Amino acid sequence: MERAENLKFEVTALRCLFMSLSSLAPDPSLRKVAVVGASGYSGEELCALLDRHPQAELTAIFSRQHQGKTLGEVMPRFAGQKIASLAFLNADPINVAACDAGSVFLALPHGVAAEYAAALLHAGKVVIDLSADFRLRDADLYADYYGGVHPAPELLAQAIYAIPELSREAIQRSCLIACAGCYPTSIQLPLIPLFRAGLLDPAGIVVSSASGLSGAGRKAAVDYLYTECHENIRAYGVPRHRHLSEMEQQLSLAADSKVVMTFIPHLAPMSRGMHTTIVATPSFGKTAADLMAALHAAYADEPFIRLREHPPETKHVTGTNFCDIALFDEPRTGRVVILSVIDNLMKGAAGQAVQCFNLRAGLPETEGLL
Amino acid sequence: MERAENLKFEVTALRCLFMSLSSLAPDPSLRKVAVVGASGYSGEELCALLDRHPQAELTAIFSRQHQGKTLGEVMPRFAGQKIASLAFLNADPINVAACDAGSVFLALPHGVAAEYAAALLHAGKVVIDLSADFRLRDADLYADYYGGVHPAPELLAQAIYAIPELSREAIQRSCLIACAGCYPTSIQLPLIPLFRAGLLDPAGIVVSSASGLSGAGRKAAVDYLYTECHENIRAYGVPRHRHLSEMEQQLSLAADSKVVMTFIPHLAPMSRGMHTTIVATPSFGKTAADLMAALHAAYADEPFIRLREHPPETKHVTGTNFCDIALFDEPRTGRVVILSVIDNLMKGAAGQAVQCFNLRAGLPETEGLL
Amino acid sequence: MERAENLKFEVTALRCLFMSLSSLAPDPSLRKVAVVGASGYSGEELCALLDRHPQAELTAIFSRQHQGKTLGEVMPRFAGQKIASLAFLNADPINVAACDAGSVFLALPHGVAAEYAAALLHAGKVVIDLSADFRLRDADLYADYYGGVHPAPELLAQAIYAIPELSREAIQRSCLIACAGCYPTSIQLPLIPLFRAGLLDPAGIVVSSASGLSGAGRKAAVDYLYTECHENIRAYGVPRHRHLSEMEQQLSLAADSKVVMTFIPHLAPMSRGMHTTIVATPSFGKTAADLMAALHAAYADEPFIRLREHPPETKHVTGTNFCDIALFDEPRTGRVVILSVIDNLMKGAAGQAVQCFNLRAGLPETEGLL
Amino acid sequence: MERAENLKFEVTALRCLFMSLSSLAPDPSLRKVAVVGASGYSGEELCALLDRHPQAELTAIFSRQHQGKTLGEVMPRFAGQKIASLAFLNADPINVAACDAGSVFLALPHGVAAEYAAALLHAGKVVIDLSADFRLRDADLYADYYGGVHPAPELLAQAIYAIPELSREAIQRSCLIACAGCYPTSIQLPLIPLFRAGLLDPAGIVVSSASGLSGAGRKAAVDYLYTECHENIRAYGVPRHRHLSEMEQQLSLAADSKVVMTFIPHLAPMSRGMHTTIVATPSFGKTAADLMAALHAAYADEPFIRLREHPPETKHVTGTNFCDIALFDEPRTGRVVILSVIDNLMKGAAGQAVQCFNLRAGLPETEGLL
């Protein structure tokens, strides 16, 4: 039984390797795309982006809840646009795997996405997963942070943790692209280049982030009612939010030593937007100028990273795939303060997924995103 | 069977008449109060008001959902205040009827409140009902607008439709006080004195109102999520909102002729507050000045009505029991524009209920409200 | 003196006529565009739209306040996009008239726009004006509603009141395009086809609208501070808002009889979006079905009008150039209720201006807008 | 000259000492109060609190801007309440000093308050200052953080830095009560007892706070317009906000060693409320349980401090004088996370000022605040 599983895994991996090699001449079929879970906020944003995308063709959308209805019926904002008449199809994994899209976006809750991945990979699809299911390399760590046994541990090794600015080449070759979470994107974009360059004390990271309410998803719950959230800020997931697992994993890889960080997320009374405030300690002998230079070296030519001199505002990036970053020296304490902002549904979810798709499909990285 | 019902009804009515007569010397037991359904927004507001009320004693709160927990546990805002340790009791009607409060507030959905009324009246309680169950005189009209058979039609005749400024004396004598709805309060306060004085064309009323989201209640539903409601305005209940039934009933009584009106409610992106815009046509030969004079005559000495010269703002009445009203002449059209604002949870619900309670318990009408 | 003025006016008109005739083969120079007043909310939105527009070339932006700075400096959201480096130029009318754009958008306060129009027309530009300066045919009416003498009355006769769905051909031939106001757009789009078809009682129109705060402009004033506007709704401009002048003018033209209407605008706590609630009385013998049919006849093929069965929500049109309209019969009163929503900065300002530009420049009407 | 100054200072101090001694039998004249700067958000809140206060008598309000108008005219929310007819008086310091109030609240910008203090102290008033002018002991530090020379350095020595829970007795004896700032209140309430008990590493404090927009004051500025602030979060005052000066002063006193901290304030899209997230490192050998025990020891009996087990929400304290605090262990990092929330206009400004007033006037500390 176990041998059969291993065999299955190897076949999948080989198939993916073959696809990635052959995609050196990018495979046009990858531009046909499908979205599973299109009725959540990330899925809705994906549909909007893919509809406007000049080179992607959105051929199928899947939803358990809305099967049979059109996108225009379920989401009136899409009426009158070309994708409005697209109907939600039966979201059974076998049915999804049979669609003619070459790239499939999974905008599903954690635990559910993994149910689809194996079938899709066997069908030769490229999977772009927005859930947490394939972000961790270690199934035990997943169990520890997300609860329960990982549904498809045999696939973890072939998944690529994906923030394009930080793992571009791997994304171009992967068939299982695990897009980073929203908080981790806003935090790792500034930190990874600094850890890679050995400029930060691995024990000194303290992060406070605030997210708009769309981050909580489109699910009926008293806690997320307008009247509960309006005129209100609250921290949550203290002291051990799930996203810590992927951040400590990736930052440790970048630092080449164990990074343990403090991270406190908050819900703020807005729909979209994520603001991250990082306090960090430079490595011995390093200065804020060294850090700034490293950020410039990493990001000067990145189309979606804007290094700022003033504190960035979430409003500056609303509806865009930008991540704005500013770094301030704090000589009083010997620390630095790093601020970053993203749109949690764009660079934090759907925009980043499309950016990964562009890379994987051999398209210009900014296609449909600027 | 029917005779038994009639007998029961007569006993109840007599008991109530006796109570009201004896309350000429106000019955001190009425100041002991209970709240059923204390975990909704109106119930929460009632608890806050009654806690601060110098002469009311909140002795019991009832909730099906939270039985056994304390108010402080369920609503952290109350922690550290004297009522925090009050525990939610079993909300079975028989249990509620057995409590030692003389006045019982029902902050329950329509249809549910009526289940309690008969038991409470038989137990000699004064019932102050915030639901729609006893606002209509006609059980058929109730069925038409609310669906289903009225649960306690035999009690309708003894219920008093209650807006204190418009039916003060009846409230002082009643044991079944049916507080007006939020929209109807904001609309009838300006219109009833004008209809009573014969100053308005009964066919000319057009009303557009906007309510904050607390009006939709504390119930888990995607439609009322922060992300759905924020940065959004929508009309609903078009063209026949339930509150039309009580408004047309009461306005027709005031006009002594059939009033049929247009009423369009909207949900606006705020927690509290209700703004009403009324367009009306004066009766033949009447002027805006006549109308203004009638409002002044009716309300000059009312503690909770403020006649304004400028458009009132919902923020001016947030957290208060005031209704601010302004009237503008529109010579271009021969119409008048009347604007009114209330806090939907105060003058539109809990505040008005406490005002009714004060009247009924022989207390100063503004007690605990200014 | 007066003869000289008249002569000037005739030359301008002739020049415009000549241009419009020659533009039957559309003049490619019209695709070079400039924006005056780019630092307000409408101007900012225009820049964003023109930046993404596939066939327009934004060649110059003008601002008194920001001359010398780049768009990216003044509005950080534009950083990293291709127009970020565009610098604000000296906004002196002579300087603007000397730019090489064929089409000039004026996103200026009323009274200021008119200062530019004559110079721009003499320089052979097509003027697309978002202000109120050229919407009224009668300079006295302007003085009555806006105060002060009209700055350029000689140009009024050649200006076209512009809502593309209602005056498409005139826009294609005009050199002075006076875009309709935001409220008037949301109100006239549903009403004009009904008045044209003789389906409405001219005396029966009552309108209540609510606008987001961006409609108040980007100007420092305590009344528009966050803390003043948040959790607040207020009516203003009662009973005679300036936009009444253009609406009564245009509706009377459509009805071929004098229309006098009631219109009450409100400010609602949101940034963008406009919701309009119209109550109207069908002409004698006409039914809601007749009205619905007329709307379908007028708008079935319009790309930016969506006829709805359910109450439309402002959120459905945020960031788009759509106007969503729904009509409801109200047999109780013999009236109809018509709801419409637009994004006040899009279909209510910048989007509509670009739609006019597309028409005038011979481009597909939806270019850059879908 | 200098001697004369010194003499003046000594007389003032003696007078104050005498007053405080005599107030052991509390001086009833202190209950007559005046507010200078009543038209800002803190001043408005003060008026509301003092109006409802059972034992304070608000006898005079002063404003440069609104002199001659009544409170009801300037702030329509107060109409119909007993203080509505109070007129704003000439705010000249000599005029204020001549009023018959024994206690004067200064709700003025920094730099302006100091202009009043000397005159008021000489007139024998108790000054309760909400500005920053008397919070720092060192005039040079003031110059460094606030710019410019301190306007009344000779008074600094007699001023008491006031957070009642932390300096109750000194407040009871002082004539110049310098209320702590909003951020410092939310930060020092949890930290001071821990530093006093020697439980925290003085070098390990990192704080991220978010404030509602009322904290920015009622002043016309584009940066605080609704449309700019809505759906937006931004940090500001990075890396050296003015409130650092008072916090490092007071924390160092509590720790009896130099505390240097990181503090990043943010503006969040809400009117009221302040959320503070503190990350701290226990002293060597100390545990989170030790810290929690110290907080309980300090605050178990405090009426306005609520120790929480779950993350507190700003909404829980809106409109109240509570500070809710929760502490979480973070064994992964060896740090603790402390969360606190206040209403920035209440415990962060007007509420705390009234609490100080109660103490100073010999009234129950919670009078008018619960």
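Remarks
The chains carry the letters A, B, C and D, assigned in the order they are written, with residues numbered from 1 in each.
Please note the rule applied: a contact is a pair of C-beta atoms (placed from the backbone, for glycine too) under 8 Å apart; a residue touches a chain by one contact, two chains touch by 3 or more.
All values derive from a computational prediction rather than experimental measurement.
Any chain bridging subunit A and subunit B, meaning touching each of them, is among C, D; the list is complete.
Using CA-based centroids throughout, the chain positioned farthest away from subunit B is A.
For the pair subunit C and subunit D, the distance between mean C-alpha positions equals 49 Å.
Distance between chain centres (mean CA atoms), subunit B to subunit D: 39 Å.
Subunit B and subunit C have centres, each the mean of its CA atoms, that are 43 Å apart.
Among all residues of subunit D, those that touch two or more other chains are 212, 228, 230-231, 269-271, 312-313, 315, 318. Across the interface of their complex, subunit B is touched by residues 41, 212-214, 216, 218-222, 224-231, 269-271 of subunit A.
Residues 76-77, 79-81, 230-231, 303-304, 306, 308, 310, 312-313, 315-320, 322, 324, 370 of subunit B are the ones that touch subunit D when the two sit in their complex. Against subunit C, in their complex, subunit B makes its touches with residues 203, 206, 208, 210, 212, 228, 230-236, 238-240, 244, 260-262, 264, 266, 268-273, 275, 277, 279, 311-315, 318, 328-330, 332-333, 335, 337, 339, 341.
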